[in-house]
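Okay, so subunit A shows up in both of these, paired with subunit B first and subunit C after.
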Partner chain A sequence: MSLKLTLHTSPDVPLEAPCLNPDTLAGMTADIVAAQKVMHGNQAASVGDFFKVAGKANGTLELEGDLSRVKYIGAGMQSGILNVTGNVGQHLGAGMSGGDIRVDGDAGDWVAPEMRGGRVTITGNAGHLVGGAPRGSAIGMLGGEIIIHGNVRNETGHAMRNGLIAVGGTSGDFTGVNMLAGTIIVLGDMGNRSGAGMQRGSIVSMNPAEMLPTFTHACVYRPEFLRLLLLHIRSAGLPVNDDHIEGAYDRWCGDVVEVNRGEILLLNGA
Partner chain B sequence: MSETAKENIKIVKHATCTFCGCVCDDMELTVDMDAHKITKAKNACVLGRAWFAEHVIEDRPAAMVDGKEVSIEEAVEEAAQTLVKARFPITYGLSDTTCEAQRQAVAITDIIHGTVDTTTSVCHGPSGLAFQGVGESTMTLGEVKNRADFIIYWGGNPAEAHPRHFTRYSVTPKGMFTPNGKKDRTVVLVDVRKTSTAPVADIVIRVKPGKDFELLWALRALVKGKKVADNIEAITGVSMDTLTDLVERMKNCRYGVFFFGMGLTMTRGRHFNSGALLALATDLNEFTHFVAKPVRGHGNVTGADNVVSWQTGYPFGVNFNLGYPRFNPGEFTTVDTLSRGDADAALIIASDPASNFPKAAIEHLHKIPVITLDTKETHTSKLAHVAFTTATYGINTGGTVYRMDDVPITLRPAFDSPFPTDEEILTAIRKRAHELMLAKSGLGAAGGGGTQKVAAPRKE
Partner chain C sequence: MKINGVEIDDTFAEAFPMKATRIIITAMNLKWAYHAANALRGFATSVIACGVEADIEHELKPSETPDGRPGISVMIFAMSTRQLAKQIPIRVGQTIMTTATTACYSGILDSEETVPMGRNLRYFGDGYQISKVINGRRFWRIPVMHGEFICEESAGVTRAIGGGNFLILGKTARQVLAASEKAVEAINAVPGVITAFPGGIVGSGSKVGSKYAFLGASTNEAYCPTLKGQVKSELPENIGSVLEIVIDGVDEESINEAMRVGVTTACSYGPKKGIYRISAGNYGGNLGPHLFYLRKILS
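And then the complex of A and B:
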């Protein structure tokens, strides 16, 4: 039986709980898990003050309840499975390097900032700076996958260097801003200024998008890698249809104020 | 003349006006000491004259708890108890008080493990983010006066917001390398409409609303000699000819300056707008000397940035929940901590968020204990649990403020106020909060003297 934590008392102020990841809780009994330290605002508290703990850790951690005030869930995770039923707060999976996080609900801002590997799936919406860089850092996610079924807000993939972000819904402004490399796929609309300051990498959308004056149209083609990626995210449950897979794409190059090696691919004739 | 001789008149020379970020320090105030009024403010602009002339000593209690007058000591005790009890206390405001008071406010936040944020987060906070992300090519206004021959105002209206900016620093003054004043300078205004700054400008560029980033990005590309989209005029409302002319002028000037306002920082794109302008200034340094400076609003908002940076390492939106400073605008900025309902107590100094914050944030302010320090009754002080009335900085209290170019300036007060200063109240709260925190952690007694008890062994 996996370890299951059910929220019994909602925190009044933000709860910082980086210990809520399968690695940290590995091998612990319910009593020890309940004694783990969390920060309730500026005061130390324990997991048991907020969660009912059942089962024993075996690499899979189940969380249940509205955790939208709980920050840093799954932060630094290296392996194992973390399933959340309910919304989660900011900094989900911050700096994670492996393992699988699945949230049946919405996520706050900064989903998996500085992620290095593993996978995050959000069935609902996510906030700003998905897979981005924390303020003051020049590099965002370095690897892994983030799959968001709903919508995301601004600065998705800010300064990302590698990995994949796939969004089933729409994205806000500055998608892939200052991107160094990696891939962002948005099946819905993107906000404005996508790819501003990007050096390399690919941003893909199935809808027309407003392009910055520093991007130039290169060609219309059917990129082979994109079919593979689209089939992959379809298998992850995103609504990719055959037109997306078979279709041709407009390729825009930019950003000319940087090295001009990035690309934005927009489904032709959409 | 005979009339003035009868009155108890005091002249204060080299006084400082703390109304806006220009912090003009050449005021000559005529003070009627009997009436406690400033009757004349020589050298002041229209805003400064109003600032001095309309200053009156309020007829209010110095301290109130839940709307009832109490002694200052009782109010300090109540404020300290409230803050120490809180799990997520926030400190906000600070832009209209002295650096000495700001320093105490940061110390309180550190002691109570709270979150400190200033009004910067709702004005040039995005520029603060951009400085961190892009860097800043900077100067003092004295340099501008003496050297600058190409001035660009972007997204600001100094003719109305900073009336003496033109005459003291940027347009008309005669400087070391600008001996002919305005004749030696080219002034450009970039804005979405023809504001009252436009008559001062040699070139007025009207950008489509919300397209500043696109325009700046196109300028960056042109400065680097790269191609931009042919439909640039359709996108930004500015023709390619105007852009290429501007780029040539920028590259060929001797000393160029960008002054930018909230037209950049508080429109769609925010920190990326400021960042684009700062990056453009950096790019231009390949050809000539170019600098950029935000034109700051409140009298000592620049001081708030400086003091919070000096004490915590970050300019605003700093959290001490874990005992050390963490910076994250969006997570720890006041609009966000209030709108999300995170904060459970607020210490608000010289600011009125209840009059200008988003609805969700104001609603949350009504739910939590609020402590205010202000010179007048405000929407925030009306909802406050503890409200202090304090003396007005620059008029009734001395201290230090920072001009918008990070130059510290000393205040010369005109006359005394019956109210205590922000610094005095905050120092008292800090001392009491420190004692209470020590008592909470078992290191001192809550009855008083906790500070001394801990300090004494260290000296030995």
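And then the complex of A and C:
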């Protein structure tokens, strides 16, 4: 039996609980897990104050309840599986380097900031700055995969340096802003000013988007690497159809205000 | 032992350890995948002088390739991983990358050893190459004049066996060639094996060494029909032609199966169609640790 934590008391203010990951709780009994420290606002508290704990850690951690006020779930995770049934708060999977997080619900801002490896899957929507850099940091996610089935808000992939963000729905403004490298795929519409300040990396959308004047149209072609990516995210459950895979794409190069090595690929509907 | 009236010699094929890799070539259509595959396997009949032995393994449906396009699996064998590492980047760069619309992937994953492909070829991009890691595999996008050439970072290497073989002995060259062609067709359906010589058939089987000190291999005069009477021939009066089929494979089981179906198919022609005898090439058990006894395989 895996370790299962069920929320019995909703926190009044944000609860910071970086201990809620399979690595930290590995081998612990329910009593020890319940005694783990968390921060309720500026007050120290324990896991048991908010969660009913059952089972024993075996590499898989199950969380249940509306955790939209619980921050840093899965932070620093290196291995194992973390399944959440319900919404989660900010900084899910912050700095994680491995393992698999799946949220059946929505996620708050800053999904997996400074992530280095592993995978995060959100079946609902996510907030601002998915995979983005925390305030004060110049670099966002460094590797791994973030799969969002729903919509995301602004600054997705802000300053990301590597890895993949795939969005099944729409994205807000400034998708891939200041991006250093990596890949963002948005199957729905993208907001304004996508790729602003990007140095390298790829932003892909299946819908028309208004390009900044600092991007140059290169050509229309069929990028084979995109087939690999699209088949991969299709296997992850995103609604990629054959037109996406077989289609031709407009390639825009930019941002010339930076080193001009980035690209935005837009499915050519013609 | 006889099969359909064809004598099976009480002998064995002697094979030796090799290293192999499998490369998946995809293209806009099979025609262009074949252009690349045929170029890649060109001049790759024998490690004696070519460095590697290579052949097309089989076609791949779009659902079987990494990028969902039609493809071809090519297997390449060499005496060592070092030899493969020397040959693969050169061959992939000069044959697959130069073929329009192609991409190149490793057909062996999670292996202990790898040989470079995109890791070396990326420099052709002259600084404009882009790396993408997808599901733990690194691919290089090299901008080229037809668009982009996609090449996986490296190809996996596996232990393999080279030198499985059998000889088809018959009345005339035409009859032996007909039986050999059918045998190769049957072998091609066996997964994990290749027949690297042109058409899968060796017209000039060799022995180790030569009267000339500078030559490592020379004609196998004991099986040359024109030399009966001049040498200690292995051929009786009724044998006018001998062809050899050499098989490399990923393991003993695959070579066993390839030899079985190949010999059985050749024997189906029988003496009435000029096929009299099946033999095999060996070096007295002194060359390789893998011995494939004809009668055991066929029993």
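Note that the second predicted complex is superposed on the first by the 269 of 270 C-alpha atoms of A that agree within 3 Å, B and C clash if a C-alpha of one lies under 4 Å from a C-alpha of the other, contacts with A are read in each partner's own complex, and residues count from 1 in each chain.
To be clear about the criterion, contacts are C-beta pairs under 8 Å (C-beta built on N, C-alpha and C of every residue); 3 or more make two chains touch, one makes a residue touch a chain.
A quick note: this is a predicted structure, and the numbers were derived from the prediction, not measured.
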Overlay on subunit A: subunit C relative to subunit B, clash or fit: fit
Partner chain(s) touched by A:Tyr249 [first = subunit B, second = subunit C, both, neither]: neither
Partner, of subunit C and subunit B, that touches more residues belonging to subunit A: B
A:Tyr72 touches, of subunit B and subunit C: first, second, both or neither? neither
Touched partner set for A:Leu229, first subunit B, second subunit C, both or neither: second
Touched partner set for A:Asp109, first subunit B, second subunit C, both or neither: first
Touching partner for A:Thr183 - first (subunit B), second (subunit C), both, neither: second
Contacts of A:Phe51 with subunit B and subunit C, given as first, second, both or neither: neither
Which superposed partner A:Tyr221 touches (first subunit B, second subunit C, both, neither): second
Smallest distance from any CA atom of subunit C to any CA atom of subunit B, in Å, after fitting: 19
Residues of subunit A contacting subunit B in one complex and subunit C in the other: none
Subunit A - residues contacting subunit C, complex: 143, 162-164, 183, 200, 202, 221-225, 227-229, 231-232, 245
Subunit B-facing residues of subunit A, complex: 12-14, 16, 39-43, 69, 90, 109-110, 128-129, 134-136, 173-174, 177, 192-193, 196, 211-216, 255-257, 260
Sites on subunit B touched by subunit A in the complex: 86-89, 112-114, 129, 132-133, 213-214, 217-218, 220-221, 224, 226-229, 231-232, 235-236, 268-269, 272, 279, 320-322, 327-331, 342-344
Residues of subunit C defined as touching subunit A within the complex: 26, 66-69, 103, 130, 132-135, 139, 141, 147-148, 150
